[in-house]
Each structure stands twice: as structure tokens, then as C-alpha cells.
Amino acid sequence: MLQLPTMPDRGGPAQPLLIVKDLKKHFPLKGGLFGAGGKVQAVDGIDFEIRKGETLGIVGESGCGKSTASRLIMSLIEPTDGEIIFDGEKVGTSALPLKEYRRQVQMVFQDSYASLNPRLPIEESIAFGPMVHGLNRSRAIPRAHDLLTAVGLAPAQFAHRYPHELSGGQRQRVNIARALALRPRMLILDEPVSALDKSVEAQVLNMLQDLKAQFELTYLFISHDLNVVQHVADRVLVMYLGRVAEVGPVDSIFDAPRHPYTQALLASRPSMDPDQRRTEPPITGDPPNPVNPPSGCRFRTRCKIAEDVCASATPPLAEVAPMHQAACHANVTASGHSLAPREAA
Amino acid sequence: MLKYILRRIAYAIPIALSVSVVCFMLVHIAPGDPIDAIVPPDTPKDVVEQVRKDYGLDKPLPIQYAVWLGHVLQGDLGRSIATRRPVAGDLILAARKTFVLALTAAMFGFAIGIFLGSLAAFFKGTWIDRLAVSFAVGGVSVPHYWLGMVMVIFFSVLMNVFPAMGAGPGDWQWDWQHIQYLILPALTLSCTPIGLLTRTVRGIVSEILNQDFVTTLRGKGLRNRTMMLHVVKNAAPTILAVMGLQLGYLMGGSILVETIFSWPGTGSMLNAAIFRRDIPVIQGATLVLAMFFVMLNLIVDIMQTMIDPRIVRK
Amino acid sequence: ISAAQAQTLRVAMTTSDLPLTGGIPDNGSEGGRFAGYPIFDGLANWDFTKTDAAADLTPGLATEWKVDPNDKTIWIFTIRQGVKFHDGSTMTVDDIVWNFDRHLKESAPHFDTAQARSYRTYTGQVVKYWKIDDTHLALQTAQPFSVLPYLISRVFIVSPTQYKKIGNWLDFQMQPSGNGPFKVEKINPRVSIDLARNEEYWDKGRIPKVKKMILMPIPDANTRVAALRSGQVDWIEYPAPDSNASLKAAGFNVVVKPYPHVWVWQYNHTSDSVLQDKRLRLALNYGLDRDSMMELLAGTAKPSIGFYEKESKFFGAPKEMFKYDPEKAKALLKEAGYGPGKPLKLNVQLPTAGSGNMVPLQIGEFVQQSLREINVEVTHEVVDWGTMLTSLRQMPGKGAEPRRDAIAHGLPLGDVTNFYSQFTGMANKLGSNWSTFIHPKVDELANKAFQTFDAAERDKLIAEAHSVVVDEAAWLFVVHDLNPRALSPKVVGFNQAQSWYQDFTQLTVKD
Amino acid sequence: MSTASTTSPDISGASASGPKKQQGYWAGVGSRVRRDKITLICGGILLVMFLLIVFAPWIAPYDPLQGSMARRLKPVGWQGHLLGTDELGRDMLTRLMYGGRYSWFVGITPVTIAFAIGGSLGILAGFVGGKVNMLIMRATDVFYAFPSVLLAVAISGALGPGIFNAILSMTLVFIPPLIRVSESVTTSVRNLDYVESARATGASAFTIVRVHVLPNVMGPIFVYATTLISVSMILASGLSFLGLGVKPPTPEWGMMLNTLRTAIYSQPLLATLPGICIFVTSLCFNLLSDGLRGAMDVRN
Amino acid sequence: MMTPQTLVRARNLNVKFVSRDATVHAVNGVDFDLAEREVLCILGESGSGKSVTLRAIMGLNPRAKTVMSGELKLCGEDVIAASEARMSALRGRQASMIFQEPMTALDPVFTIGRQIAETIVRHEGVSYKAAMARALELLELVQIPSAKRRLEAYPHELSGGLRQRAMIAIALSCRPKLLLADEPTTALDATVQIQILLLLRRLQQELGMGVIFVTHDLGVAGEIADRIAVMYAGRFVEEGPVRDVMRAPLHPYAQGLLGATVHAGLRGKRLTTIPGAPPDLRDLPTRCAFAPRCPMVENACRSAVPELRGPEPGRAARCIHVAQAAQAA
């Protein structure tokens, strides 16, 4: 029934679906006539991997480079440095040309309205991808209708509508349907529910869970809402100012965060209990400007346990618990930080 | 800030150079041998050859341009084919007159336009708005040379209140004797800026009035006077830009009005030059007016920078 | 308006810019009218006192002239003594020789490279000139030429003293010095020539009555009318015919007088022109409905069927008397191979305005339309008057200019030299005859005429030559202008002469 | 493949009717225009003019070039001449109809060509970005540094008079603003997520431009171009008025205005008729483009 | 203890926007009182009329097209009848407002100091210099680091958190009795949001202000509110003390909202959702507006708008099932 087949699993279950190595993106600043402007270090060397079938959640504050990272992975922008390996093959090589890669990875954006062409009926928007990949229209349209059904929109009622005739939640469903149209193996969800009302957010989250099972998907789920990430992710990656602060299994991160930033982030969540209101803000100040980030550990300017070493050396991502790594000198043996574990005996 | 201004000035230099290239090319797009475009057809051979040498017309284009630019930078815009006088001298006199005319028309147009535009924005959707907008559309739609003609008949011939033509006796002076010559052409010329300013001001002011910060200002209980100040400062950069453009357009676009009113400015000079195919004059006038325009844009940009703190980015 | 202004005559010319003021005016005869005779004198001047007949020459800077009875090629001019230039220097015979050097002696330091050529028509006959003594000047022509004084009258005498003070002709134009009834007070480039009366003028009877005269170029006919009606000027040249009725109704004087003028298409007679075919030339002349045109021109012109008016002593007795006969025209065209299926296509240069050109666009369009009825398709190449003057000095087919079959404009026929410069092969050699009409019979008759010093005999010969010109349909004759100008009622005492030039010294401007 | 219809029950309820009635984008624009009386009237006037102009050879009462001195400068309404006759006795109505052909042609052609050229270059610059953008936009800046009328007049003047040169110079004048507008519209569209997601499907640049960029940028560029028509009409007639446009006897409004000018004292209404035609046309184009812009604004 | 004075009193408040095309019934019969020093949170989905209600209190809805009816008193002044001049004297002095987007809510071309000072000059008639001195104190009050330098800063030169603090400083410049906050933390990052919330809470207590706080985030409401009002389609569908509403909401919509809010402990479970979409405010509903989406809908729900009824004083909901819900809790 679905004429575009899923791409085969090449690397086997043990091969991570996606490996990101030292990915960097520096945007030159506009305005310099002679190119004398600085640059925004939006993403500055991140490494992580996503296993087949899991949901990796990325959290971080606004401007920390989440969207840039997702666009890099999607190959929508050229990385300054680093490489992406999908199912064992380097993206963009002859083994995995870009066009083929793009069939396997698709993306859903935050702004549901901006991600739909306002001049196309939604069925056309959904059918666009398959048609690019060689399906003819007469088969792509019925397929679009199936996908609409899959995301809970009755084709008879919605297929011919234009984006402005839908509510935000409905539009986001269309976006998801569109992303699924190529039968991808992985979906990058860049804050897919941030713009939605709570009641609609729940609908979409539920649906994403269902679709994941139904289409055997792997998710890269980006959000700044810790609760949402905790709800959907198997593993969580915490970003701060273009770098990875901490990454690990969701329970490990939420129960025992090891990076002071993650701790602060968790402590910043409203309590949901009027009797146990927060009294002290966990950290003060705003995230710094990525144009000239602090030296060493980028979090040190707001960190309560910052010491001299944090300014001079960049903390490596070190294993702090099984599968759980954090980039904080306080966790690195013999880093010079007073809280660092002593040399193992 | 200063750095930004310097940068902006630096940016104007390549523009100015490119503009000069376009002006330079005017001689070369004219059909035939460029030498025919800069000397009268009945010039003796040896003189023609002399001019050809002087302008390097026997050399490749880039060199010709360099030679020409060298002349221009020394204030030599060549000689008029018709009068054989140096173009620069007449042009300065003419440009001064055109400037008087354009500036007056601009000031008048800006005043009326800003007034009508703000009125329309504050009373958006009412008959005041509709009236102002009709006026504005009328202003930009009317062929002003036609309007000028009608005005002359009405005000000069029938009512005999203003002179019909010319810029008054002798050199220009800001006295009533001369100003009365200015009124009709300036009025005619001002209908486009009135229309455009009304539209722009209406647009920008109503956009500003719809912005969140205006709600904040109202929420602070500010008096209308203070609110106006906020609106003005926010609208100023855009309006300044339009005003700068308009003044430039008036300087460069007064050709028809000057012809109708025999106003001895660059416009009527250009018109005469076009008929005589007096290319050096066309070239010189175009160059001077375009340079003025480049300067004007530069000044407007710098003024915008001073008003709007957001323009200067680190 | 102050009393000072009341003594001022303000004139709107039709030119698009100030005529040159260095003694070689451009802008055709209008240039001579305003930037010539008021400021300068020639050896001979024009006599404006008799207004009932065509104006003729009168002594100017030369008190008399005669041809050397022994050698008919030598003319002797007696130079007026004690005449002062505007700069105060006294004119000598040497000064006059110096002036001829300006035009003719290419090696002279003050030879006017830029302007001399445009006056070749007038100076080209002179092959030699010299000072005889302190009161006499000799001019020599290549062959006897009885009408030389008419040509020489155009050579305006300027002050060498002033020139030497200034050093070049370009700047001289800004502060010229001649010995005419008016002195240049100020030149406002592109705006006005301000003249003041020359109290020291040698002809006491012609010291101007007005204190000042201001000349403004206003090429646009409507603007001229508006300027007059709003009291900005007192005098306008050539008001558009359509505004004359309203001007009269508003109390202005519209003066008309016949003057030696004709509006024509000068045919291109060179070898690549279709109009070498006489049948076509005739057809056009028969196919033009001149009478209807009078309506358009509202009493400011009369039909023309020859270079000279029918009443002129030079008209002669041509066989072809052109009256409107479209059938004959069509027949002629058909004979020449043109007809409804194959219209005759002509490209004609037409000026937008200019001295003596009347309302060229309207006349041109009328002619175009009238000829369309006999299947002649005319396209116009509309140019500025100055451009056309340059074209007229070029030979057709030379240079980068497009092919044109005719140039349409108005031209003077004030004296017999005009006939000479337009229709003779001799003139053609001087490069003044664009049309290049060369006819052996005409040349023969004209040659004879110009060597005849008996006026009556000469007139007869020219009339005979003119008949040939008409019979050959040398040009398309359109109308004779009646020289309209509109004057404010404040201007009194103006007597319009039957001439291209006018006298501004006798009139006054009332308060 | 499994059936794609197994959905969680709680979302199917979301398929309640959307916020608005089902309607295509252009249908929406159409219905908004239909409600806008002024735009409709202007459109109507222009349509009537257009038809009169196009069908002039069939419906014009007289020959535009055929006059008669016997009936020159007759007033409006004179004996079978609805709008009187001109200075050569040609029927004004006829000449205005024919004149419109040239005025419209000379007014609209440059905008159309500039729309094609400037629009393409602008879209190219906006879509490709980078060096190409830089190159095109800097070149545009240069032409922007000339006041438009001056540029048109200077180019026309250098090339010499004639309808072709007039069109050429005006085209050159209108290309830069069209490049600027289409560049900025395209740049903003290009950065929208739907273009990104189209790129993410692996579609070729050409397909993306065709399906996602063009339909979304053509509207605003087109509306902008219509505002230029009014400017162009005035400029074109101005050039003719200066003698840089069509040649007599070809009727053209600017030219007619020029030649009829001298009759303004005897037949004032007659002499202003071509001016009124220019004014009305330009006014209608202006109002029409205002209306269109309003109707195309999705926020309404 | 002095008896708390009523800062805001609304009875059957209706706000509609009339234009040529349609009439939008944004607020449809809202009743509430706000006492001094009380914090009321209005909770609701997008478009439910929260902002319109706030703006109505300040008289800030666009005059030309707004039609208000019912009773609305701000510090004793009848807002519906008051002249613009009268309201302008109250605004900024008795009641101030802060907004969601501090970037757009601040005038971009004036310095922060200037924007604070002009309010003080307006309402207290002091010199500009004195007002600037006060502005500095205020910036310190809202904990802006290097306040002196920031006085001369333009909004775009500040980070989001600082901008919102500056906005608060403007609002507090004349020590108002009432602060209206329209989603002031929604646009901020989590770590900044909590800072601002705590700051607001502290200032509210120190200055003794009444606050109406609009949000759609239950957690935020939990941090700051004394009472919560849940708004749906222009009506308050539930109102009560924060603890009660957060623990056991009475109205099915409020229950749905609570269930739909993702929080710890729901991992792996399906979230409760509210199907459907809110009604179109262009037709004034004559029945329970929530009925089409309500799992407990009955015929009675479709006949009339349910009255506000409460199981105990201080709590109420517009639902015919209130009693059952209270029981279940």
C-alpha cells in the first residue's frame, strides 16, 4: 500500500543509527564591510549518537544551538567542521548520497504555520516529497490521504484545505504526516509542541508515541521543556551554548544530574505544588552571548561551583555513571577542581 | 557609531565610482562614434583629433574612463556642444536653481505629507483617513506637468497672482521678489512627495500605533504629547529615508516642471541638451545629480543611525 | 512694477537658449534679430524706417560702398569715422580688417575656429580684403558679385580692444563689445541677456528710447503666452496661432506683417534621394492643401507656391502654378510608380521650434496628413532647432546621420543673396546648400544676375531663375509667415518692419 | 505494510471543523477584492479603457489620422464628435482611444519586461544567496543611486528619441526596484521552514523554486509591479511630452497633451483631455494595486 | 488588620470587538473581585480572552471597535464610563501592566532609563533628573546588575531576562496598587523564568500589590497564585484557591487541562487529552461552550449557559456536574 519502501537496515541493530562527530557551526556575523565582524559559535563541537529505535531528547535554553544542530544533521546547512554517520555510512559520500540520506531522515519544525506552503492544499504539501522521489501524482495523493488518516485528520474533510484554514495542532499533524511521507527511519522533531496549547500538546505527544511504534521510527526530539523531554525521551542530551553539557539515560539524568547546569535546569521547573514553592532561583543571570562565549567551561559564569580551572580548561565529556556523561571539571578525576574525585586507587 | 559612519562612507565610494561609470557610458551608448557625441558635427578635423586625444578616445575604454574621471575630479565636465562653454560652470548655476526649487517643493511636500499622513493614521478608518488617502493617491497619480500647465493658466493668466515662468531677475535670492516665482513650480513639484509622504507616514505611524510598546506607553498613562514623541522617534528613520529619496528624485526629476515653467535649472538644461543631443551636458548633469543623490542617501543613512540605536550592530 | 522697469522692454524669444553674443549669433535669424543688430552694427545695416515695403540696406559702419569701376570684383567701403565701441575704444579700419581675420584668416591668433564656419555663407565670397587707407576698406570676390553688401551686412563688427583684454571668444561672449544701439549689461547664462541703451550711439536718431531691454529664451509657446498675459514680459515672439484670438480679446496687440519668409520642405536632391524624380516633387506640391492650413495658422500666414511670394518682383512667370489638385498629384505619383498599394515613403527632419519655424509640429503634422491622402507616408525626425542647423550645414548622406528626404523649416528670403545661397551650385561649394539643388539654367541665370550691377536687370534675371525653380518644384513650398508677435498694450511706437530684423530703438514702454 | 489507519481514538475527535470555510488562497483574494468597491470600480474603468483601446480599430468612430481644417478644435459634443476635435480636426475620442494604445503600451511594456527580468534576477539573488546575491544586489545599488526620472531621461537622451528607446530606458529604470523587492520577498520566503522542509526531502533547487518559492513570491512582486505601472504611465507620457517618446502623428496621450497645449486658451477642456486620461489611468492603477495588496494580505 | 479593599470589581463584564466583517465576543460575562495584596492567576488556552480581560481593566482595548458592558471598577473608578484622560491618570499610577514579549513591549529607540523616568515625571511631576535617580533605584530593586550602566542601554542591548526586569521596573515606577501581568514569563528560558517569578513574588509581597497574572502554564500559576481562575471562551469556568484548583479541579475543562499538562511521573503513560477545538468567538454561545468537547456532556448542557456554582464559598465552576466533581475529589 505504501509504494515508497522503507530503506533497509544496513548496519544491524548494534550500529547506532546516527553518529555525530565533533560537529561545529560558526555563523559569520553580518555587517562587516570587510568581513571584520565576529562569528556566532552556534554549535561548537558536539558528539553524540542515536541508537536505533530510541528517542534522544535534546534540551537547552534558547540560543544554545539546538535548531542549528538539527539543521546540520538534516544537511540543510553546511557544517564548519565535523561529520555525520548514518547507519554506518558517512553522509554525503557515494555510499550514502544526500538525496538517499534525506529519504531516511526527516524533520518537523516548531512553527507549524511557517513550515507549510501557504499556497498549497495540505495534500499537495504531503505528496510533494514522494513526488520528488519519483512517485507520480496519482499514487502520491492517495498516499497523502493515508498519512492524513494516520495523524488523525479525515482526508475527506482536510485534504483540500490550506494551512491557514487549520488550527495550530492540526497543522502540526500535517507537518508530521509530511515528514512521514518519505517513510523515513528517523525523525528530527525541533520543538514540535512548544507553540501548542497544553491540551493540544498532549494530543500531539500521544500521537508521536503511536506513530513511532507504528512506523518503527527513531526520534531526535528537541525541546526546552524538561517535562516533555522526560516524558518522551529514552536518553537526554543537555546542551549549553553550543556544547554538550551532559548526556545520559533519562532516569539517570533526571534523578541524578551531574552537571551543575542540568541541576539548575531541573531545579528551575515550577513545582506544581503550591505548598512547596521554590524560594531561591537555582542560578542567576541569562545565558551569555554565543558571539564571545566564556573561555573554558562555558557555564562557569553562572555556575555556583566554578573555580579557576573552569576558566582555563574546557571540561571533557566524562563518564559519570553507566552510559551517562557530563562535561564538568567537578566530575573529572584529577581535573584540578576541588570537588573532583581523587585519583582512583 | 563613528566606525559605522566611516564604514557607511567607505561603502558610498564604490557606489559613487560605479555611478560615474554609468555616466561615463552615456557617451558610449549614444549611437555612433563617441567623438560625435562630444563635439559638434561641423568641427574641423584637427580640432576633432585634438579632442580625441584629450579624452583618450583612441585608447581602450578603461583608460578612457580613467582619463575622463581625472578630468571630472578636476571639475572639468567637458564642453557643451551647443554653447561650447564648459559644462561645469553652467551646471553649477543651474543646479543651484534646481536645488532651490527641489528643496522648497520637498519641504512643502514633506510638511503637508507628514501632516496628512499622521492625521490619517490617527483617524484610521474614518472619513478623515479616506480623504487624506484620496489626496495622496491623487498626488502620486497626477501627471504634474499637466497640473503645472493648468496652474499657470489659473494662477498666472487668469488671476495674475504669481509669475508664469522663470526664476526672477538676476541671481537667486530669498526675498519675496524671487519667492513668488518659486511658488507655482514648487507647488506643482510637491504633489508627488505629498502623496508619497502621506502614504508612508500613514503606513508607518499606523504600524507603530499597532505595536506592543504603544500599549505599554498607554499603559503607563503617558500624555498624548509624550506619546507623540515616541511615535515620532520611531517613525523618523523610515520617514527620513523616504524624504531623502524624494528630495533626490525632485532634484533629478524636475525636468518636466522646469520646462513648463522655464525654470533655469538642471532640468530645463537637460531638456535643451537632449534636443540638441548635447551629450556632454547630459552626462555632466546626470553625474552631478546622481552624485548629489548618493550624498543625500549617505546623509540620510547617517542620520538614521543617530536616531535609531538598533542600526549600529557590533 | 517700478518706474525703472517701465523703461524696460522685456522680450520673450523662441530660442531654447540664449543666442551667442560674441558677434556671430546662432539660432538663425532670430539670433541676429536679438543678439546681432541691437548690439552690433555691420558695415551695412537694415533700414527699418519704411514699413510698407520690404526693408533694404542702409549705411552702417560704412557710410557708403561701391564697386571698383575698373575691377568689378573689388568693393570699396568708406568707413564711418569716430564711432566708439561700447568699451570706449574708437573703431578704425584696422579693426574691421581684424574682424574679417576672425572669420577668414585661419592663421590669425583670434581666428574663431568654433564659429567662423557657421558664417561661411556670408563671408565665403570674400577672397581678399585689405585696408586702403584710414577711411577705406577693400573687399575682393572671386568673380563679380553684385549683391555682396547684403551678405556682408551679416558680418557684425566687434571690438578688438575688448577681445584683447579678454583673450578668447568664449569669455568675450560674456562681456561683448560692439557699437550697436544697445550695450550688453549682463549675461545670465540660460536666463537672459540684459541690454542697456548705448547713449553714445553714433546715429543719434536711433539712440534707444527704452533704458533697457531684457531678452529671455522661452522656447515653449504656451509659456510665452502665459508670461505675456501675466505681465512678466512685454513682447513675445511668435505666439501660437491658437492663442492669438484670446490674446487679442485680452487687450494685447498681435502684430503681423508680411516679411520675406517661406516655410518649406527642402528636398534632398542628392543622388540617393527618391526626390530626384521631378514627378514626385511636383506631385507633393499639387497634393498639399495649403488653403486648409490657413485655418490652422489663424491668420498668421499665407500659402506659398514658390520661394518668393506671388506678388514679389522675383516671382517671375513659372508654368506650374501650384494649387490644390490631389487628382493631378495622384496621377503624377502613379506615373512614377507609386499608388495606394505602394505609398511613397519619405523621412523628413522637423524642428520642435526655432527662428521662423512657426509651429513646426503642427504644420508638419498637417502636411503629413494632407499628403497621406495622396498616398505619401511621411515620417518625422523631430529635432531641436540647433540640431537642425547643424544638419543643414552637413551634406546629405555624410556622417552618421540617417537618410532624410527633406528638411522642413522656415527660412528667410530677405534679399537676393538668399536665392543665391539656396539654389546655386556656387553656394553649394561653400557647403551651405543642404538641398543640393543644382540646375544649369538657374546657375547660368543667377551667375549673370549676380554679375549685373544694374538692379532692374538683375531682378529680371532672378525672376527668370525663380520660375525655373518653381517649375522644377525644387522644394515643397508650404506657407509664407506673417511674422506674428504679441505686444503688451504698454509697448507703443513699434512699427514692424518687413524684415527678419526689427528696430527696438524707436519704441517706448508706458507705465 | 500495516494499515496506516490504526490511530489513537482521542485524536480523531480533533477533526472538528477548522476555523474557516474551505477556500483556496486566490479564491480568498478574489472574494476580498469583490467586496472592495473602490478596487472594483477602478478595475472596471481600466477594463473598459482596455477594451476601448484594444478594439479601437473596430469601434473608433473615425480615422485617428484623418482630420479636416474645417472642423478643427471643436468643443466637446460637437456634431458627432463626442469629445470634440483636435488642432488638425481629428476626432478626439478616436485619437484618445488610439492614443491609449501607445500610452498603455509604453507604460506597461517596460514594467512587464522589468517584471520578467528584475523578478528573475531578484528571485535568483534571493534564492541562491551568497556571492550571486552580492553581485546582483550591488549592481542594483548602482542603478538605485540615480533618481529614476533622471536615469530614464538620461538614457533616452543619450540613445535619442523614439518609442523603442523610451521603452528601453524605462525598463532599465524599473529593473532595480523590482530586483530589490523580489530579492527581499524571496529571501524571506527562502528562510521559511516550508522551503527548508522541501529541501529536506531532497528536491532539486528548480523544483523548490517552482513549487514553493514562485507561487509565494509572485503575488507580492506582481502587486509591486502594478504600482509601478502608474509611475510608468506618467513617466512614459512625460517622455513623449518631452519629445522622447512616439513621433507625431502617432497619437499618444503625452504627445497629444503637448501638441494640444497651445489650444488651452481657446478650448481649455479639450486641451486637458489627454491629461485627464493619463490621470485617470494612473489613478486607477494606483488604487487597483492598493486594493490588490490589501486583498493579498493574508492577515485580513 | 485592615479590611482588604477591592482593587478590581467585575460583574457580568462583556467585551466585544465590532468590525464591518464580524463581531468577536472576546469576554462574555466575567465576574470577579480582586482584593488588595491578592494574586489572581487567569489560566486558559490561547484565544480564551485572558489578554482582553486584562486590557479591559486598564481601558486599553482599541477604543474605536471595542464595546464593553457590565460593571468594571478599577480602584473604585468606573472603567467603562471613564474618560480617556481619567483612565490615563490611573494607568501607570494605580495599576500597571507587563507583557509577554519585553522586546516588543519596550520602545526600541529610547533608553531604559528614559522609559522609566517618563512615567515618574508624568505621574509625580518631579524633575527629569529626580526621576532618573528613581529609575536607578528601581533597576536595583528588580536586581539588574550594573544598573547604572543599564540606565543608558537600549532594549535590544539587553538579554531577555534583563528586558523583562526593566519592564517590571517601568511597571513599578509609581508604586501601583495593582499589577497586571500578561504571560510575563512565557517567552523566557526556564532558568530565567523562575528568577522572574520569584522576583515578582517578592516584589508583590514587599510592595503589597494586588496582581492579576495571566498564564497558560499550570506550573507557573502554582508558583505564584493565591487564587486561580480558569478561562474558557471568554468566561471564567472555574475559580478557586490555588491549592484546591490544582489538586481537584471541578470543571471538566480544568480537569482536562491538568491531565494534559506533562509532568514527572507520567512517563510511558498516555496523556489525557481534550479532543476538539475551542469555539469560534464570532458567534456568542448560548450553551455551555465546552459541551462539544466534554466527556460528561448531557442534554442540559446544550440548552443554556450553566451558572457559576460552588460546593463551598470561594470556589465555583460553570458546570452542572460541580457537585459530583466535588464529591469525587
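Per-chain residue numbering starts at 1, and chain names A, B, C, D and E are given in the order in which the chains are listed.
Everything below uses one rule, namely that a residue touches a chain if its C-beta (ideal position, glycine included) is under 8 Å from a C-beta of that chain, and two chains touch if they have at least 3 such contacts.
Note that the structure is a prediction, hence the values are computed from the model and not measured.
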item	value
Minimal step count in the chain contact network, chain C to chain E	2
Farthest chain (mean CA position) relative to chain A	C
Relative to chain E, chain with the most remote C-alpha centre	C
Chain pair with the higher count of C-beta pairs in contact (C-D, A-E)	A-E
Centre-of-Cα separation between chain D and chain A, whole angstrom	47
Separation of chain B from chain C, taking each centre as the mean of its C-alpha atoms, in whole Å	40
Approximate Å spacing (C-alpha centroids) for the pair chain A, chain C	90
Chain A, residues touching no fewer than two other chains	167, 169, 203, 206
Residue list for chain E, restricted to those that touch at least two other chains	270, 273, 275, 277
Residues of chain C whose C-beta touches two or more other chains	222, 225, 352
Residues of chain B that touch chain D when the two form their complex	14-16, 18-19, 21-23, 26-27, 29-31, 37, 137-138, 140-143, 145-146, 149-150, 153, 157, 248-249, 251-253, 255-256, 259, 270-271, 273-275, 277, 279, 282-283, 285-286, 289-290, 293-294, 297
Chain C - residues contacting chain B, complex	16-17, 20, 113-114, 117-118, 170, 186, 188-192, 216, 218-220, 222-223, 225-227, 229-232, 352, 383-384, 386-387, 390, 393-394, 399-401
Chain A-facing residues of chain D, complex	1-8, 10-12, 14-15, 17-25, 192-194, 196-204, 207, 211-212, 215-216, 298
Contacting residues of chain A [partner chain D, same complex]	1-2, 71, 74, 76, 98-100, 102-103, 105-107, 109, 111, 114-121, 125, 128-129, 132-133, 146-147, 149-154, 157-158, 160-162, 164-167, 169-170, 173, 175, 178-179, 182, 203, 206-207, 210, 214
Chain B - residues contacting chain E, complex	125, 211-213, 215-223, 226, 230, 233-234, 307-310
